[in-house]
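Structures for review follow.
Consider the two complexes below, in which chain A is the common component and chain B and chain C are the respective partners.
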Partner chain A sequence: MRHSRLSRTALWLWVAAVLFFLFAPILTIVLFGFDKSNVETWPIQHWTLHWYSVAWNDPQVRSAFALSIKAAVASTSLSILLGSMAAFGVHKARFFGRDSISLLLILPLALPGIITGVALNSAFQWAGITLSVWTIIVGHTTFCIVVIYNNVLARLRRTSSTLLEASADLGASSVQTFRLVTLPTIATALVSGALLAFALSFDEVIVTTFTAGAQNTLPIWIFGAIRLGQQLPEVNVVVTMVVLLMFIPILIAARLTGSDNFAPRVAATRKVTTAP
Partner chain B sequence: MTTSVDPSTKSGGPRALHSSALARSRWRTAFLLSPPLLWFLVIYLSSLVLMLITSFWSVNNFTSQITHQLTGSNFAQISAGAYPTIILRTFLLAALVTVTDAVVAFPFAYVMARLAGKRAQRLLLGAVLLPLWASYLAKVYAWISILEKGGALNWTFSKLGLPDPNLGFTNGAMWIAFCYIWLPYMIVPIYGALERIPSSLLDASADLGGSSWSTFRRVLLPLALPGLLAGSIFTFSLTLGDYVTPLLIGGSNSTLIGNAIYENLLNGGNLPLAAALSIVPIVIMVVYLTIAKRLGAFEAL
Partner chain C sequence: MANDSAIAIRGVAKSFAGTTVLHDINLEIFDGEFFTMLGPSGSGKTTLLRMVAGFETPDRGTISLHGDDVTQRSAHVRPVNTVFQDYALFPHMDVVTNVEYGLRVAGVKKEDRRRRASEALAMVQLEGFAKRRPAQLSGGQRQRVALARAIVNEPSVLLLDEPLGALDLKLRQEMQTELKVIQRRIGITFLYVTHDQEEAMAMSDRIAIMNAGVIEQVGSPKEIYELPASPFVASFIGTSNVIVRNGRTQSLRPERLRLLLPASSPPEGTITEPATVADVVYLGPVIRVYVRLANGDDLVVVQSNDGLAGPSFSVAAGDAVLVAWRPQDAFDLESELV
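Let's look at the complex of A and B:
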């Protein structure tokens, strides 16, 4: 499409405004973490690092953090196992209802989270299972599986089967082929999927509320603190740390598969556009 | 006939080999698929079914125990009193958030996909994905800080000589927070759809005399529709089931279906009523997904 100078400027101004809208709130929260005052008022008058030491030394925050890490690591590990099995199973096979599996796996993310929460809660109540760290892990795994599944399946679909055939032709056993050819090909997709699943679990609050008993994960602690209006300066700090902690795995994941996910498609589009 | 080889034995070998390989691959598929499918069947689907059944149970008022006897009383309760208003409010808010995000996201995604250079494209994509992965509660809390009385919004308005908007803890605050939190979920699929449109199509439309507007309306928009719908599934579904944002940033009139479920289950101890209320967003989403699927949204997911 041809664009006049005016419409180009308008579109780029829109982009600038949206970028401001996307980043200003996150920046605000980071800045408030350094606000000396107990009561938040904009603009910030005096600065301090005090709340960082308060949060660091808070035993409640520490135990919530530990539980969140535990739940995220366990549910990510389970998701890696189940998600990649599902991806390998669906990739090679041609059978009736193949598409339904993708739909089934994405359902916990496509349906509102509260549904998963209430459903699991009613099942646990019915079965007489006490809510614990295990019930949290079960809930998180259920919606994390699809992240691994999607990542691995996408990679498998892009990998040429001739690689595997070549390996077999050269005399490799199927175990060798898996270890030397398949695993290296899907490794980055698997790691990036795992990092996304970790971040998803680490930040989850909607389902967790219904699957956690008396114990707090970090998001549940934050939720409670905001709701009761208590320890708010500390909340700023904790929330900033959560954002930072999530950005690290996300950035690594993007580095691992970012170019892989987008570059070929971009290149393909460019090719179409430059063709005579 | 001694020199000729029986055709059946000749082709029998490979066919036998083929069928045994097929059987092996079937076993392999079954082995790989059973653990994840069992997990979903035993834990997820059976929980959903149990929730459906629970919605027809009731709670004994005296013992607060669940009575395992089928009754429609929960659904009768939902269709009266404050619940229809809550359901309607949730539905309208989800629709409003979806439309707002679509309008905000489309030009942004368009610039990303069609105007930006390769480098800018990657930078913009990163700029959308980072907030998407920023902590959910951080984002809600950020808007509380901005919209409350002493927040940055009131400060900005007073600097401009305008009256205080005082948006904190209102339905307006809830709308802004939802639009903000789900915006990246809308931008990414629209970008994906727009990026795949070959420029030659848009050029052809222009060459054939289509104005920018008619190219947009008759070429760009229909081709971007699957992306738009895919994004709307997220924005709509996520708003429909949320109870955290309304609880934290909403006001006294901000109760959504999610809050009603949360209250009944965790504070009221009425699991059957909570289960019945949970059926409402499911029904709405099933209808929505069916329509979206028919319009081709799943290819863009």
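Let's look at the complex of A and C:
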């Protein structure tokens, strides 16, 4: 599609406005993390790294961070196992209620977190299970499964079924086919799904609120600290670190899922725009 | 050619969701033969091939390979290899890793399988391509890799499912010759599936013509062309005029017909019918003349542009002509016209 110069400029301005709207608040937080004053006023008068040292040495932040990592790693691992198994099942088998199962698996992601949270909380209470790191992990797994499941299923659907036939035809047993063909084929989908699941778990607040015991995850600590309002500069620092930390897996995930078709798409776009 | 049976298909039938795709198929393919199953799409030829490979199980009947009943054996233990229509190369492996795959899963040592994979790649003229990924190859090159990956295992039978279908005409013709040469060189049985009659004629020792789940005829390319057993075969292979004459359904090849001017005397011993020219198509080496007989039957006559056809070569639409043929070129078709 070709645009006039005016409409192209307008489009760029619009994109810039949207990006500004999305990222200006985050930039503000990053900047105020370097503000010496603990009352946020603009422009910043004195710059400091003091709050970084405060955050680093805060035992509450440290334990919250450790708990978040633990929950994210555990729920991601559990989701890889369950999500990919579900994807294989739904992809390969033809059984009654297959589509319903597919829908039920995706539902937790669409469901408001508060409903998942309340439901899990009541279920744990009813079953007499004490809220702990394990209940957080179960809570996070409910929505992390979806990401893995969707990613793996999409990849399986895009993979030609004759690859598996070719492998069997060449004498490979089903175990060999899984190890040498299926697993490498879904590997990038699995890794990108896992990174997204990790990111989802790491910054989750609502479900965690209802499934956490006495301990705080990092987002819960941030939430509490903002409400108390005593440690705002420290919160800014922690948020900055979380943003940086989350940016990496999401970037890698985007690269991995896009790696198959991103390059040709770029080439195609370039061809169109350079056409006279 | 040895007359040992390589593939024996006995009484095989198959239906999918209530639709019968194969009716009671019986077929014997000999060792070292280049055998082609030719038919339109939906004729059941690919299903039959997939049964020999082990991807489908027949509802009834048996399939034997060199006298061994393999009907219930799964694909990975059958001594056959397949060249797939879409090549089915593993996208995450380079060319040589693809080719050595069968040897690798069979537990052949690395040096051994590398050497044999290189030999197979040399046979398909892809020596320099070992480290490329399938995505970096052209369609023709992928096709060769798929072939090398199959023959490196020295299967007793090689199955080819429309392997040239995705290639352009020139490449397809080159590959036809090459496949034939490779088959002669390694001497294994090729079971080839195609809907392209020219391809089948060019390569095969024998052809089975399939239609709607049955085998209409099995024979050499010459037998099938010159003695079609049914109206379907006559019309599917080449073009054929099917006429009803004296109550008999007969087939006449367009190139066996001769056009004469009405005044001229026909050659000794030929049958003639008066006709009117409906249309003339000039194709270079030949001209194709559409004529209508007095009884309303339409015929196609192909005249060679060899300079010997005489004045009949310059007929035009509306001209009255005589169509002549030798009685032995009109052969009766076994069954009624479908």
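In this text, the second predicted complex is superposed on the first by the 248 of 276 C-alpha atoms of A that agree within 3 Å, B and C clash if a C-alpha of one lies under 4 Å from a C-alpha of the other, contacts with A are read in each partner's own complex, and residues count from 1 in each chain.
Methods note: contacts are C-beta pairs under 8 Å (C-beta built on N, C-alpha and C of every residue); 3 or more make two chains touch, one makes a residue touch a chain.
Note that the coordinates shown come from a computational prediction; the quantities given were computed from them, not determined experimentally.
Enquirer: Who does A:167 touch here: chain B (first), chain C (second), both, or neither?
Expert: A:167: touches chain C, not chain B.
Enquirer: Counting only touches as set out at the top, which of chain B and chain C does A:243 meet: first, second, both, neither?
Expert: Touch status of A:243: first partner only.
Enquirer: Using the superposition on chain A described above, determine whether A:176 touches chain B (first), chain C (second), both, or neither.
Expert: second
Enquirer: Counting touched residues of chain A, say whether chain B or chain C comes out ahead.
Expert: Answer, by number of touched residues of chain A: B.
Enquirer: With both complexes overlaid on chain A, does A:224 touch chain B (first), chain C (second), both or neither?
Expert: neither
Enquirer: Do any residues of chain A touch both chain B and chain C, and if so, which are they?
Expert: On chain A, no residue contacts both chain B in one structure and chain C in the other.
Enquirer: Which of the residues in chain A come into contact with chain C in the complex?
Expert: Touching chain C: residues 160, 162-163, 165-173, 176, 180-181, 184-185 of chain A.
Enquirer: Can you list the residues on chain C that touch chain A in the complex?
Expert: Per the stated touch rule, the residues are 53-55, 74-77, 80-82, 84, 86, 88-92, 101-102, 104-106, 149-150, 153.
Enquirer: Give every residue of chain B touching chain A within the complex, in rising order.
Expert: Interface residues on chain B, with respect to chain A: 25-26, 28-29, 31-33, 35-37, 39-40, 43-48, 50-51, 54, 104, 107-108, 110-112, 114-115, 118, 121-122, 124-131, 133-146, 148, 150-152, 154-155, 180, 183-184, 195-196, 198-200, 202, 205-206, 212, 215-216, 220, 233, 237-238, 240-244, 247-248, 258, 261-262, 265-266, 271, 274-275, 278, 281-282, 285, 289, 301.
Enquirer: Quick check: in the complex, which residue numbers of chain A touch chain B?
Expert: Touch list, chain A to chain B: 1-3, 7-8, 11-12, 14-15, 18-19, 21-26, 28-29, 32, 39-43, 81-83, 85-86, 88-90, 92-93, 95, 101, 104-108, 110-116, 118-123, 125-126, 138, 141-142, 145, 149, 199, 203, 205-206, 209-210, 219, 222-223, 226-227, 235-236, 239-240, 242-243, 246-247, 250, 254, 258, 262, 265-266, 269, 272-273, 275.
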